[in-house]
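Okay, so subunit A shows up in both of these, paired with subunit B first and subunit C after.
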Partner chain A sequence: MRRVAIVGAGMTDFRSMLPHSSPEMIREAVRRCLDDVGSLSIRYVDGVLCASAPDAFDGYHDKVSIANEAACAIGKPVTRVFVGGGSGVAAAVSGWYHVASGLFDTLLVVAWEKMSPPYPHAQKLFQTIFEPVVEQPLGPNLIWIFALEMRRYMEAHNLSKELIAEVAVKNKANALDHPHAQLGARITVEDVLKSEVMVWPVNRLDISPTSDGAVAVLLASENVARKLTDTPVWIDGVATCLDSQYWTNRDLAFPYYVYLAAQKAYRMAGITNPLKEVDVWEPYDPFTYKELHHLDGLLGKPGLAPRLLKEGQLHRDGDHPASPSGGLLGVGNPIAAAGLMKVAELYWQLSERAGKRQVPNAYVGVAQAWGDLMQVGTVVVCRR
Partner chain B sequence: MGQGGVYVLGVGEIPPSSSLRDLDFREMTFEAAVQAYADADIDPSEVEGLFTAEQDFVEGISIADEYTPDQVGMRLKFNMLVAGDFLEALFHAYMAVRSGLMEVVAVESHARPSEIENYADVLRASLDPHCLRPILSDPYAIAGLDARAFLSKTGSTTHDLSLVVEKNLRNAARSGGPYGEALSAEEVERSPFVYEPLRRRHVARFSDYVAVVVLGSERAAKGSDRAVEIASIWQTGATSGAHQWMRSWGAMEWVRGALERVGRDLHGNPVRSSDLVEFTEFFAHQELQFLSGLLGSEAEALRMLRSGDLDLGSALPFNPSGGCLGNGNSLNASGGRAFVDAVRQLRGEAGRVQVKGAKAAIVGSLHTEISDSGTLVFLRTGDAT
Partner chain C sequence: MSVRLVKFGGETLAGLEGRLAELLSKAAAEVGEGRVSSWAKALEESKGRTEFEAPETLVVTPYLLDFRYRRSTGIALTRFLEGLKEGKFLGTRCSGCGRVLIPPRTFCEWCFRRVDEWIEHSGEGEVATYSIAYIGTNPKVRLPKPEPIAVIWFEGTKVVRPNTRTVAHAAGILHRLGEVEPQEIMIGMRVRPVWRPEEERVGSITDVLYFASVRR
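Up next is the complex of A and B:
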C-alpha cells in the first residue's frame, strides 16, 4: 500500500457563538494548516475533502458549496463526506484512500461545524436524525438515548457516577493546555455530581458543549511528505463500521461497531496488542462515559477502561493517556471538526509538537469518533 | 496490494418511474441491491463496504446514512456517505478499491422526488442566503441564465435545445424511459417558456429511481467475462461558491479539467476512444455544454447535433438511454442511472438502444442540476484495452 502522512494541521478556536461564519472558520483553519507546512501555497494542494454534518446546522442544502471557495478549492476536486458525529475521523479515513489510491499526492482535509445559530438550541435539530415514523413523534433528543446507554454501561460494569465524573475532571484539566479550547477548567468530581441533572444519570458537566469551529489537516504521499516536513506522521490504519439503524435492538453496554472498526485498523497497522503498542489515545468523548465506553471498544475488553481510569492510567502522565488534548469535554464539540481535532492532536503529539500537552515517548496513537444513531465507529492509527 | 484496476462486477436498479408509490426507499434499495449482488454473482457477505450518495434535505432526515446499511446487507461494515451525485460516491469507492483498502464494495443512491413537496425550496437552500435566496423563488432560474449565456456565446438558438429534447425523448421511447415519446423539435418549441430561454420541455421531469453497483479489484474481477473496467474517473469542483459570483456562465469549465486528467490516465483522448456518452442533462442546453467541453469546441458540438451525429447509429451516440430528459431527473441518483445504462451498453445488454460494438463509454454527471461541477468516468470492456 502507498503510505500516507499527515504533514500539517491547523484549527480555529472552538467556541460557542464564535463570531465567524462557516466560510471564515474554514479559511482560518486552512490558512493555519498551510502555514504549518512552511506557508505552503494552496496551488500545491491537489484537492479538498470536506466533512460537516448535518446540513441543518448551517441551514444550507448541499453545504459543500460553503467550503469550496473558502478552502481555495475552486477548480480542484472537492467532495464532502459525513457519517454524523463520526465525520471528522471518517474524513481522515477518506483522505487516506484519496492519497493511497495514487490519484492524489496532496489532499487538504477540512472539517467544520457551526452549531450556535440554530434557535433555540442545536438539540432541536438533532430530533431530525431520528426515525420519522416511530421515533420522531416521541420527541426524543440525544441526551435521552445517551442516558439510556450510560445507565446500561454503569449497570454492566457496576460503575459509580463518581468514577465516570473523573473523565470530565481529567479532560477539562487537560484542555487548560490547549490554546483553542472552549472549556478548559479545574473542576472536581463533586462539581460534576452537583451540576444540573439533564436526564439521569447525565449531569450537565458530563456533556460536551455545543461549539463552532473548524480544523484542517494536510495529507501527502510518502515522497511528497518527506519533501515537506522532517516530522511526517503516518496514517497506518483506517476503518469505519456502521451498525444497524435499529439502535434499540443491540446491547448498549459495548460498542461492537467501534471494536470491529478498531480491529480492522489494527490489522492494517500491524498492531496485535493495542494496550501495549498504543502510546496515546484520542477516543471520542462527547459524554464522560463515552470515553470509557469507546476505549473498551478500542481495547476489545469490556470494562477495562474504567479500571484504567481508576488506576490513574488514562491521565496524561499515566501509562495509557486518553484525550491528552482535553477532548470534546474540554476543547469543545463542533461535531465533524471535533473528530478531526483528535486526528490533529495525534499529529501534534506524534511529531512532538504538542507543547504542554505532550505525552512523552509517543510513537503510536489512535483517534476514534462515533456518531449517527449510536451506530458508527471511525478509527485511524497513526505512527511517528 | 492496491493501485490496480477497478471493475464493475454487477449492477442493479429500480428503473426510473414518475412515481414508485408502491415501494418505500428501503424496499427499492433492497431490491436493487439483491439484483446487483446476483448480477455480480456474489453473496452480500463478500461485499466489504458501502458508499452512498445522499443529501440530508432531499432525504428529509438529518445524517441520512443512518438508514442505509440494513436493506443492502451492509450492517457492521465499512460505510461512507458522500454528499453529492452517485458518480461522486463512485469516485470514492474507486479510490477505496484502488488503494487496496477493500476488494469488493457497493455504491448506492436513491431518489424519491415524487415524495418531496417543496423541492424548489430545498434546492434554493443551496444558494447564498443573503444575495440569492431572497431574489430566486425558483432556483431553476439559474439554469435559465446559464442557458441564455450559452446561446449568446455560441450563436445557437432554442431550436438547438429542442433538437436535444427530440433526440433524447425518441431514444427514451425505445429504451423504455418513462418520458419517452415521439415529439418533434417544433412541438417542443410550442411549450411555454418557464426559465427563459428554457421552455417547459427543455427541463427534465422528476423520476423516482435507485441504483446499486458492485465494484471490485482486478483480483475480484478475475474470471468474469462481463466485468467492465473503470479506466479512469475524476471529479472537479465548481468555479464559484454558493453566491455564484465567479461562476463561468454558459460553459462547463469543470469538464475541461476532468477530461485533461482522464486523458492523462489513458495516455490519449478519451472522446476519440468512446463509442457513446451518457450524461445527466437536467436541462437541454447542458447536453451541448458537456459535449462542447468534451470536444473543446462549441461549434463542433452544435454541428454534430444538427447533422444527427449524436443519434443512435451515428458517430457518437449521446444519451442513447434518453438521458434525464427521457428518463427523468432522479436528483442525486441521476448519475447512477446514466452509469448503469452505460455499463449495460458495454455488456451488449441495452436492448433496443444498443450501440453496436460498444466497447468504451464516457459517463458524466453534474453535482446538482444548477451546479457547475461534476464527475467524468471512462468505462471500457476488456477487449477495448
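Up next is the complex of A and C:
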C-alpha cells in the first residue's frame, strides 16, 4: 500500500448561523483548500469523499447530492461516509483507503454541517437516535446519555465537576487564537458550574454549540504529494472500531472502541508508547468530560487524562497538549466538519502553520472522533 | 442589509381538517416567526470578518415536515412488551456465552448464533449510572420538576472483564428513578421496578412507572 499525505486544508468560519447556503459554504472551504495547494485546478482532483451527519438537519433526502457541485465532484467518483459524530475523522480514514489502495492519486475530503435550519432547535432531531420501542417512550433527550456516561466516568475515577470544567476553560481559551472559531472566550471554572443545568451533571458550558461550517482537506499519494508541497503531513495510521448499539448493556466508564481503534492505528504507525511519542492530541470534545474520556481510550490508561489535566499537561504549553485548536467546545461543532477540523489542525500543527496556536516541536499528532450512539471510535495518526 | 422571512402560504395546509390541521397551523405559524433577530445578527456578524463574501440581504424560507410512524416490533421485543403487560421482565439467554440479553434479541452479537431460550427476571438490579434531567425531548422546554433517570443493570447478569473491574456486559435498560431524592441516589444502589396497576398496563416500557430503592 502507498503512503498517503495531507497536502492542503481549508475551512470556513464556524458560526451558529451562517447566512450562506450549504453549497456556498462548502465551495468556500474547498476553494481555500485548493488555494492552499498553490491554487490547484480541480482537474487534478481524482475523486471526492463527503461526510455530513443527519439528513434531518437540512430536511433534504441524501444531502450530499446538494453538495456535489460545490465539492468539485462533477464527473468524478463520490463517496459518502456516515458514522454520526465520528464521520469527520472517518472521512479521513476512508480517504486514506482510497489513496493508499493506488486507485486515486489525489482525493478531496469534504465535511460540513448546517445545523441552523431546524426550528426551534437542531438538537430535537436527535430524539430519533434513541431506540424507538423501549427508549423513546421515556421522552429522552440526547444529553441524557452524555450525562449518564459522565456520571459513570466521574464515579470510576472519583472526578469532580470542577476538574472536568477546566476542559471548557482550556479549550475556549485556545480557540481565541483560532481565526475561524465560534466560541473563543476567557471563562472560569465558576462560569461553567454556574451555567444552566441541562441534565445534571452536564451544564450548558460543558456542551459544544450547534454550528454551521465546512472543512476540506486534500490527500495525495507519496509521489504526487512531494510534487505539490514541501510540507506534506503523512497519515501513518488509521482505524475505526464500533461497539454495540445496546448502550445500556455496556460499561460507559471507558471507551473500549476508542482504545481498540487507537491500538490498531498505533501499530500501523509504529507507535509503541503514545504518551511519549505523540506531540499533539486532538481528541473529540463535544462535551468537557469527553476530551478526558477519549484521551483515556487513546492513551490506553483509564483515569490518566484527568491526572494530566490536573497537572496542566493538557494545556497548549504542557507536555501533552490536547485540543490546541480550541476543539469543538471553542471552535464549534458543525458535526462532521468538527471531526475533519481536528484532522486539519494536525495538518496545520505538523506543517508549522498553526500561527498563534502552534505547539513547538510537533512531529506526531493524533485526531479522534466519536459517534453513532456513543459507540464508534475513529482515529488517525499523522506525522511530519 | 436586511432579513426577510417568508411565511407559509395557504396551500401548505390545504386539504387538512380537524386536530391535525390545527396542530400544523400552529407549527406553521411558529416556523414563520423563526428567529428573525438571530438571523439579522448572523448576517451582521458575517460581514467583513473574512474574505468569505456575505449576502447583502437574506431571505429565510419556511419548510415543514410531518411524519407519523407505525412500527412492527419484531419477535424479541413483541414478547418483551407482552411480558411487561403481565408485570414481568422477559429476556433471552445465549447458550454460547451464557449472557442474559435484556432488551432481548433473537441472536447473540458476540457468538452470532440464534438465541431462543427465554428467561423471566424479577427486574431487581442496581443503578449502573444516573443523572437528573432538567429537559426532556424538547431542549427548549424545562421539565416542571427535575427527573432522576438511570441505567439499571439487572441482578445476576453482569459479565466482568477478566483482570479489570470493568463490566463487559450486563442486561440493562434506561428508565426513571422514583420515591427518592436526588441527593440520596448512588451508583450501585439496589432498585426494584414499580409497576402500574395491572388494568392500566398496555405493553409498553412505561408500564413500569419507575425504579425505587430496595431497602434492606
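The rule we apply is simple: the second predicted complex is superposed on the first by the 384 of 384 C-alpha atoms of A that agree within 3 Å, B and C clash if a C-alpha of one lies under 4 Å from a C-alpha of the other, contacts with A are read in each partner's own complex, and residues count from 1 in each chain.
Going forward, a contact is a pair of C-beta atoms (placed from the backbone, for glycine too) under 8 Å apart; a residue touches a chain by one contact, two chains touch by 3 or more.
What you see is a predicted model; the values in this text were computed from it and never measured.
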item	value
Touched partner set for A:19, first subunit B, second subunit C, both or neither	second
Contacts of A:76 with subunit B and subunit C, given as first, second, both or neither	first
A:244 touches, of subunit B and subunit C: first, second, both or neither?	both
Subunit B versus subunit C as contact partner of A:44, first or second or both or neither	neither
A:54 touches, of subunit B and subunit C: first, second, both or neither?	first
Contacts on subunit A seen with subunit B and repeated with subunit C across the two complexes	59, 131-132, 244, 246
Interface residues, subunit A side, partner subunit C - complex	12-13, 15-20, 28, 59, 116-117, 119-121, 123-124, 127, 131-135, 137-141, 143-144, 147-152, 155, 179-180, 196-202, 244, 246, 248-254, 302
Touching residues (chain side subunit A, partner subunit B) in the complex	1-2, 23, 48, 53-56, 59-66, 68-70, 73-84, 90, 93-94, 96-98, 100-103, 125-126, 128-129, 131-132, 238-246, 256-257, 260, 264, 371-373, 375-376
Residues of subunit B defined as touching subunit A within the complex	1-3, 49-50, 55-58, 60-63, 65-70, 74-84, 88, 91-92, 94-96, 98-101, 122-126, 129, 234-242, 246, 253-254, 257, 367-368, 371, 373
For the subunit C and subunit A complex, residues of the former touching the latter	30-31, 34-35, 38-39, 41-43, 45-46, 49-50, 52, 54-55, 58, 63, 65, 69, 71, 73, 77, 80-81, 101, 103, 109, 128-140, 146, 149-152, 166-176, 182, 187, 204-206
